[in-house]
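Following this message is one structure expressed as structure tokens.
Going in written order, the chains are labelled A, B, C and D, and every chain counts its residues from 1.
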Amino acid sequence: MMGQSFHQQVVEAVQPLWDHTCTHPFLVAVAEGTLPDAAFATWLVQDYFYVRELVPFMGILIAKAPPEWRPPLAEAVVVFNRELDLFRRQAGALGISLDGQEMGPTCHAYVQFMLATAYARPFAEAFTVHYAAERAYLDAWTWVRDHQRGPSRWQAFIDHWSSDSFRTYVTWLAETLDALANRASSAERNAMEHAFRMTVRYEYLFWEMALTRQMWPDATLK
Amino acid sequence: MMGQSFHQQVVEAVQPLWDHTCTHPFLVAVAEGTLPDAAFATWLVQDYFYVRELVPFMGILIAKAPPEWRPPLAEAVVVFNRELDLFRRQAGALGISLDGQEMGPTCHAYVQFMLATAYARPFAEAFTVHYAAERAYLDAWTWVRDHQRGPSRWQAFIDHWSSDSFRTYVTWLAETLDALANRASSAERNAMEHAFRMTVRYEYLFWEMALTRQMWPDATLK
Amino acid sequence: MMGQSFHQQVVEAVQPLWDHTCTHPFLVAVAEGTLPDAAFATWLVQDYFYVRELVPFMGILIAKAPPEWRPPLAEAVVVFNRELDLFRRQAGALGISLDGQEMGPTCHAYVQFMLATAYARPFAEAFTVHYAAERAYLDAWTWVRDHQRGPSRWQAFIDHWSSDSFRTYVTWLAETLDALANRASSAERNAMEHAFRMTVRYEYLFWEMALTRQMWPDATLK
Amino acid sequence: MMGQSFHQQVVEAVQPLWDHTCTHPFLVAVAEGTLPDAAFATWLVQDYFYVRELVPFMGILIAKAPPEWRPPLAEAVVVFNRELDLFRRQAGALGISLDGQEMGPTCHAYVQFMLATAYARPFAEAFTVHYAAERAYLDAWTWVRDHQRGPSRWQAFIDHWSSDSFRTYVTWLAETLDALANRASSAERNAMEHAFRMTVRYEYLFWEMALTRQMWPDATLK
């Protein structure tokens, strides 16, 4: 492992899951333009809720961060608030309603996991969750951009998470994660690695949810 | 709704889901003695993790409770710690290993939901989550006891959650919930009702998980 | 009380304390230019720590805020991060060192109160703490500006908290506080009023601390 | 430092402050039977509030503790709830009213510090705060018992915190603290040492408060 940075180690520790997540059939279908509109709409609505709840999660990250990392995290919250506008605009353009919707099981679970980790666990673990989620989106949507066959009606999202500015943010997250890992005890590094794995599991399940249009049980029970 | 207590209202608001949860096919099979051992083992391991994480959840409840409710909640934590011994003893008696296991998706999600609610939301909502979970277990296992065909190899669990002492605890929870609802604003009562619904959804999914032996995606991805 | 808004009520409920806080001898001496440099330095260093810890407090406020109030709170965090630069620049200009300093008793207590309220209490109470602190600074420094005898060597601070942009922020806080009070139960409004009083007490003690150059007991014990 | 345990190190790092705290003039006057009743009453009322808020603090400790330490911490909460009965009984016997009282500045600050640490900081730091407070009481009241001149009208308190069962609890805390320190990173050990120092400062100020009958500023401002 000599010379390997922590942000690379955590990806390698879950390599097959990582690869399946960042090249998930959902993403393949986006790249090929074959994804049913209903599946995209499910993803868009659920990801809107995810980003909306990412903001409180980031609030707690700011609260627990050492002073020097609070300003960049606060700037990120402002960016995520603007990202919500992107969702609203694109929902409008695509004829998708965000009103009267609620989080489905996987989105709800993922968001609870983020919030519970932020409140209950040390900063380094919560930060790892954020890195895992953002890195997964960078890799997933960059893969889509590199494999897309012509312009997509979902181009705004593809461009957003494969942009240079997003890559710069994820690079800062990676460097900060490495700095946190360097000063952590070995027990804490194990906990960070576990937090990374858990997050990638939820990222994978998030794509699954969009493809299967997952619902709560009471939607069908009588 | 005149004269109806809040703890009855919240059940009625989710009535079909409630009935399906407390007479779930898992419970029918327990009562009839037809449940496969592997399904029971899955439930036992996952419920062990649930109770283990119920203790930290209760810790935060204590932290946020008005002074007069802290002592009974603290006594309940001592009881839940003893409940973990019941799981360990029964696991031993049934030849089920608790070592090297981890929370599956539904248990993990449910636990994160409890913890996130306890940390992030007002006391009344977190208390509602606890009432919903305990009330669901009282009703479910009392139903099993009333419908079981002869003694069960899982009798210790049936007896535990259909006992008078457990019923007394749930009755106290119900009365306390009503007191909380009485002093709450209408917005807060709506939030409590929502917390109840979310908890019952997770209770239902918990039985489903046991029947389907749900796993994380990386258990099968290569 | 007919027609009186909540943000006026909470001030009136502590009127003598409020007036003594916003026209404290420390402020009189600033306005008259008679404050010893050492007292101003004590205040500057301690208020720097206060603002530094205001950022984590705001992070938790963001985390607990309803979605519509998260963006303005996130913008405020960015502003507070810039306020820290003001402190650093002015400290440099005035020859005051921020290095090797620590929070004194009153600043430490005040910050712990803010953080504990944010984590442990409902959003409305934590928001009230923030309103009380910002409103007290607006009134205090506006009073100084209105009574100062010629330009001050501390003009940058006087101007900062008597500016139109700061007044606009405090006005938004007041309106939001009233909206929160409107939807709160009477128990919650009482708790908000108590949170306001506690904050003003700490504001008063903060000025006292600067005048008396308060220290921890181990600074002098042998 | 070879061979010295962490729980000894943290005391030595604040030795003069520690000694002044555990032999404070308040304690000398208790031992000699010369303490004015009013000073004892102030202490009793404020310490009642301290223990009352110790329970929520312990709730969060339970929430953040590794599973193996949750049961002893839960048992301790039950003990602290009983300790509140001791305060109520003794208040009655001594003719001291607990009604209509509120926390004074030092008690309020100390309690906020405990709660903020428990919520915002890793478990090891919050645990250190608890160890510091309990150890200080063991040493302080044992010193009183060893130096008292004949029976005291406050004997119940002296006996309570110099008892074998309390010593056993503090010994367990010390061993657990050492175990936590052993697995901590050096940054975390520094943070634990800082948490210890801060707690002892508040312990010292607590005795001061009782002797000076400290009040909030609005008790006298007009």
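Convention: a residue touches a chain if its C-beta (ideal position, glycine included) is under 8 Å from a C-beta of that chain, and two chains touch if they have at least 3 such contacts.
Bear in mind that the values here come from a model prediction, so they are computed numbers and not experimental data.
Placing every chain at the mean of its C-alpha atoms, the farthest one from chain D is found to be A.
Two copies of one chain, chain A and chain B, touch each other, and the residues they use overlap strongly: the shared fraction of interface numbers exceeds half. Note: centroid distance chain B to chain D, computed from Cα atoms, is 36 Å.
Chain centres here are Cα averages; for chain A and chain B they lie 30 Å apart.
With each centre defined as the average position of its C-alpha atoms, the distance from chain B to chain C rounds to 44 Å. The residues of chain C that reach two or more other chains are 56, 63-64, 115, 119-120, listed in rising order. The touch graph of the protein chains shown is complete.
Across the complex, chain A meets chain D through its residues 63-64, 119-120, 122, 183-185, 187-188. By the touch criterion given at the top, residues 14, 16-17, 20, 56, 105, 108-109, 111-113, 115-117, 119-120, 197-198, 201, 204-205, 208, 216-218, 221-222 of chain C touch chain D in their complex. Put simply, chain B touches chain D in their complex at residues 52, 55-65, 67, 70-71, 74-75, 77-78, 81, 115, 118.
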